[in-house]
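Below are structures written as C-alpha cells.
There are two complexes below, and they share chain A, which is joined by chain B in the first and by chain C in the second.
Here is the complex of A and B:
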C-alpha cells in the first residue's frame, strides 16, 4: 500500500511538472500546446538514451532532456510564426504524433515499439526498497524549484507581458513588446520542463516505449490546469494532484462495474475523465484558484523629500 | 517631423507632416482612410509604397513594437486591450525600458528590474491621478466604463513616454462632461513634450483642441491649415461638412 501511494505521489508530481509547463504558456501567454506528450517523450528518450547507450550520469541525462525539450519547443514555435495563432495548436498536435511515430519506427535509435528498458534510477541498487521514497523526494525537490521559478515569472514584468500577449498579442506589440521573442522563449522553457518531466518519468519506471506517450496525457494535463486554475502556478499544481486522485479513483470505480469487459472498463475510465473535463470547463471555467490581479503598490503620496 | 504615404489603396498619395509640440486634428468622412493611416503608421499594416519619417528616421514597414519603442504610440477607436489586467498592470506594461522583461532577470531577480519597477509604479500613479483613474487603479479593464477605458488608452500610451501619440477618436461614446475633461487633459500634453495626432468626428472638440487640422477624404488629403480655413475650404464642405449640413 505504501509503495502504491509513493508511486501515485511520484506520478502526480510528474504531472505537476507538466501542469506547470502548460500553465506557463497556456495560462500565461494563451498559447495552446496540444503536443505536450511529444515534448514529454522527447525528454524521456533523450535522457534514457544518454544514460543507457551513452552511459552518461543520470543528472547529465536530465539536463539533456531539459535542453532537448527546449530545443524542440523552439523549433516548433519558430516554424509556426508565419501561421495564425490557432495553427500552433495543430502543429503541436502533429509534432507529438511525429515524435511517437519516430520512436516506434526508428528502431536503430529508439529500439522501436520494444521500448527502452533498464533505464537506471539514482542509487537504485543501493537503496533497494527505499528507492521509491527517495525518488519521490528528488522529484518533489525539482517540482518545488520549478514551482518557485514559475511563480517568480508569474509575478515579474515578464509574466505581465505574457498575460498581455494572451489577451491581445497585437496590442501587446503596440505597447512595444517584441511578441515573438516572448512567445518563443516561454514556449521553449515550457517544452524544456515537459522534457525534464519525461526524463524523471523514465528513470522512475526504468522503461519507456512509444505507447506510453499517447495524446491522452496532454488531455489529462489540460484537465489538471483547467481544473486547478489557469494563469496561476499554484492552481496548476493543485490541479495535477487532483487529476491523479481522479484518475486513480476512476480506476477503482470502473472495477466495481459488473459484466463489462476489461477493454470496456478502460474506455469507461476515459469517458469519466472526458466528462470531468467538460464539467470543469462548463461549471468552473476559471478553475479552483482564479488568477491573481496584483494590487498596485501604495506609494507615499507626498512623502518624497 | 515629416510623414508621408503613397500608394496604399485606401491611402492614395497622402502626404502631410505633423508638427512637434502641437495637437494636429485629422478629420474626414467615414471611409476616408484615417484609421488605415494610423494602422500603417503604427506598423500594424505595412505600407505598399512611400515613406514614413519620424523624428529623423524612416519607420515605414517597421513592426509595431519597434514603432512604439521609437516613441510613436497609438490608441484604438474601439478601446482594445487586456480585459483581465488591472488599470495598474496596463500602465506598467506600457512602461519603457524594463529590465524585468528579460526572462533571466525575471527568474533570477535583479536590482535593476526592481528599481525600474518602483520608478514605473510611481509614474503609473502620477498618470492615473492625472487622468482620474487612481480610484479604479486595481480594477480589471473589463470592469471600467466606456469613458474610463478611453482614458486608460490615453494613460497607457503616456506611460510609454512617447514623442507622438496617435489618438483614434478619444471621445467616441464618452459623455459630455468626461469629454471636456479628456480635452483638458489633452491640452496639457504638448507642454509635457508630447505631440498628438487626433482623429475625431466631434467638430467642437477639434475646434477647441487642434491646430492645425488636416481633412482627408477617399484616401487623399483635401485640405490642411487652421480649423477655420479647413472648414471654409469648398472641397471639404462638399466632401464632409457640407454634406452633413445639408
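Here is the complex of A and C:
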C-alpha cells in the first residue's frame, strides 16, 4: 500500500510540474499550448537516450532534457510568431503529433514503437524497495524549486508584463515591451520544465514509448490547471494532485459497486471522473484557487501631492 | 469558514475510507489474489472485456470446486486503457494494494513492456498475449510468460504460406509497429531463398485514404500483398486496392481481417479471396468448447483463449508449489504446463490430480502451452482462412 501511495504521489508531482509549465504559458502569457505532451516527450527521449546509449550520468540527462525542451519551445514560438489563440493551439497540437510520429518512425534513434526500456533510476540497485521514497523526495525537491521560481515570476515585474501580453499584446507593445522576446522566453522556460518532467517520468518508470505521449496527457494537465485555477502556480499544483487523487480513488470507489462487470466498472470510473470535473468547473469556474492580481504599486508622485 | 473546514474533513475521511476498504476486506478472509489487466477501453477495447469475462469464469469454476489449497480465489480486473501510463498505475495498484500473485492478459506490447519491470521487481508473475519480440528479451528473471507466438514466428509462417500459394513478387504494406523491421528483414531473407522478390512500404495507420500508397505499390506489379495492419486501416487499404483494380492475392493477420472487417466493408467482392491467418486456437478441444460456452461466442478470438489458459496455468502452478506467490508460480508453471504426465485441459481436473500427487501436463484452448526458458511459446499451430462469398472458409491448419 505504501509503495502504491509513493508511486501515485510521484506521478502526481510530475503532473504538478507539467501543470506549472502550462500555467506559466497559458495562465501567465495567455498562449494556448496544446503541445505539452510533445515537450514532455522531447525531454523524456533526450534524457533516456543520453543515459542509455551515451551512458551519461542521470543528472546530465535531466539537464539535457531541460535544454532540449527549452530549445524545442524556442523553435515552436519563433516559427509561430504571427499565430495567436486557436491557430497557435492547432500548431502546437500538430507539433506534439509530429514528435510522437518521429519517435515511432525514426527507429535508428528512438527504437520506434518498441520504446526504450531499462532507463536507469538514481541509485536504484542500491536502494531496492526504498527507491520509490527517495525518488519522490527528489521529484518533490525539484517541484518545490520550480514552484518557488514560478511564484517569483508571478509576482515580479516580469510576470506583470506576461499578464499584460495576455490581456492585450498590442498595448504591451505600445508600452515599449518587447512582446516577442517575452513570449519566446516564457514559452522556452515552460517547454523546458515540461521536458524535465518527461525525463523525471522516464527515469522513474524505466520505460518510455511513443504511446505514452498521446494528447490525453495534455488534456489531463489542462483539466488540472483549469480545475485548480489558471494564473496561479499554487492552483495549478493543487489541481494536478487533485486530478491524480480523482483518477486513482475512482478505481477504489467502483470496486465497492457490486454485480457490475469489469467493462461497466471501467466505464463507471470514467463517468465519475467526468462528473467530478464538470462539477468543479460548474461550481468554481475560475478554478479552486482563482488568480490573485496584486494591486499596482503606488507611483511615488501620488504620495507627494 | 468553519463549515468549509468540516466539509473538507468529511471529504478527506471518505477518501481515506475508500482507500482503506480493501484492507478491511482482507482481514475477513484470506483468499488467493490474482488479477487481469486487459484493455477495457481504448484501441484494445474490442478484446479486453471478453478476456476479463473468461478469466472470471475460470475463477468461478475453481471456487465452486473448493478453491486452491483450501483457499478461495479472488480475481480483480483492472483496465489498462491500452495506454502504458494508465497500465503502469493500474499495475502498481494491483501489486501494492491488492497484493496479487499474478497479473494476466496484458495486450498491447507497449503496456506489457511498461508493466513488466514493476512485476519482476516486486516478484509478481506476468502472463501476456503481446507479440513483440523484445518482450521476452527483457531481464524478467522468469517472471513472465507469453502464449502469443512472437512476431518472428508469425511472420515466418505467413512467408512460407505465401510462397506455397505460388507468390513470386510479394509486397508488404505495414504501419509502424514493434515488428515492422523484423517483418522486412525476415520476409526479405525467406523470399530470396525461394527465388521470389520482396518489397515493403510503411504507412501511417491513422490516415483516411491510401491511394498514393496503393499506386506506389502497384507500380512494381506485385502478385501478392501482405497487408499487415490493424482492422481500421486494413478496411481502407482493401477498398483502395479494389478500386485500383489489383488482381493478385492478399493476405493479412487474423486479428485485422476478421468478420468485423467483412461486415464494415459491406461489399463481398472487395474482400473475395483475401486470406487471413492467425495462431490457431485448439478448435475441437474441450477447453475451446468451454471458452465458447463461457463467452457465448461462436468463434472466440485467440487472446480470449490464451487468457483462459493463463488463469488455469497460474492456479495449477500455485497448487503445485503450495505457494500463492509470484515466486511460487514462476518456479512451478513449467511443471504443470509441460513435461508429460496426466493430460489435463482445465484447472478443476488439474487441481484434483495435483492433490492426488500426480504430475500434470496442461493443454488448453490456445494450444499445448509449453514454454521455453525465455518465456516464449514453443509450439503453436496456425490456421489459414480464405474469404469466399463474405464467409471465412478454412484452407488449412498447420
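Here is the rule we go by: the second predicted complex is superposed on the first by the 259 of 305 C-alpha atoms of A that agree within 3 Å, B and C clash if a C-alpha of one lies under 4 Å from a C-alpha of the other, contacts with A are read in each partner's own complex, and residues count from 1 in each chain.
Note that a contact is a pair of C-beta atoms (placed from the backbone, for glycine too) under 8 Å apart; a residue touches a chain by one contact, two chains touch by 3 or more.
The shown structure was predicted, so the numbers you read here are calculated from the model rather than taken from an experiment.
In the superposition on chain A, contact is made by A:175 with chain B only, not with chain C.
Of the two partner chains placed by superposition, only chain C is touched by A:256; chain B is not.
Residue contacts after overlaying the shared chain place A:189 against chain B, while chain C stays out of touching range.
Within the superposed three-chain model, A:294 lies in touch with chain B and out of touch with chain C [touch as defined at top]. Contact comparison for chain A: of chain B and chain C, C touches the greater number of residues. After overlaying the two complexes on the shared chain, residue contacts for A:156 are found with chain B alone; chain C is out of touch.
After overlaying the two complexes on the shared chain, residue contacts for A:164 are found with chain B alone; chain C is out of touch.
In the superposition on chain A, none of the residues of chain A is touched both by chain B in one structure and by chain C in the other. By the touch criterion given at the top, residues 1-4, 7-8, 11, 101, 104-105, 107, 112-115, 117-118, 205-207, 209-212, 214, 216-217, 245, 247-249, 251-253, 255-256, 261-263, 265-267, 269-270 of chain A touch chain C in their complex.
The touching residues of chain A, when paired with chain B in their complex, are 149, 152-153, 156-161, 163-164, 167-168, 170-179, 182, 185-186, 189, 291, 293-297, 299. For chain B in complex with chain A, the touching residues are 42-44, 63-65, 68-69, 73-74, 76, 80-86, 88-89, 92-94, 96, 98, 100-103, 105-107, 109, 113, 117-118, 121-122, 124-125, 137-138, 140, 156, 160. Interface residues of chain C facing chain A in the complex, by the touch rule stated above, are 15, 18-19, 21-23, 36, 38, 40-41, 48-49, 52-53, 56, 76-79, 81, 83-85, 88-90, 92-93, 95-97, 108-111, 113-114, 117, 122, 132, 134, 138-139, 176-178, 180-181, 202, 204.
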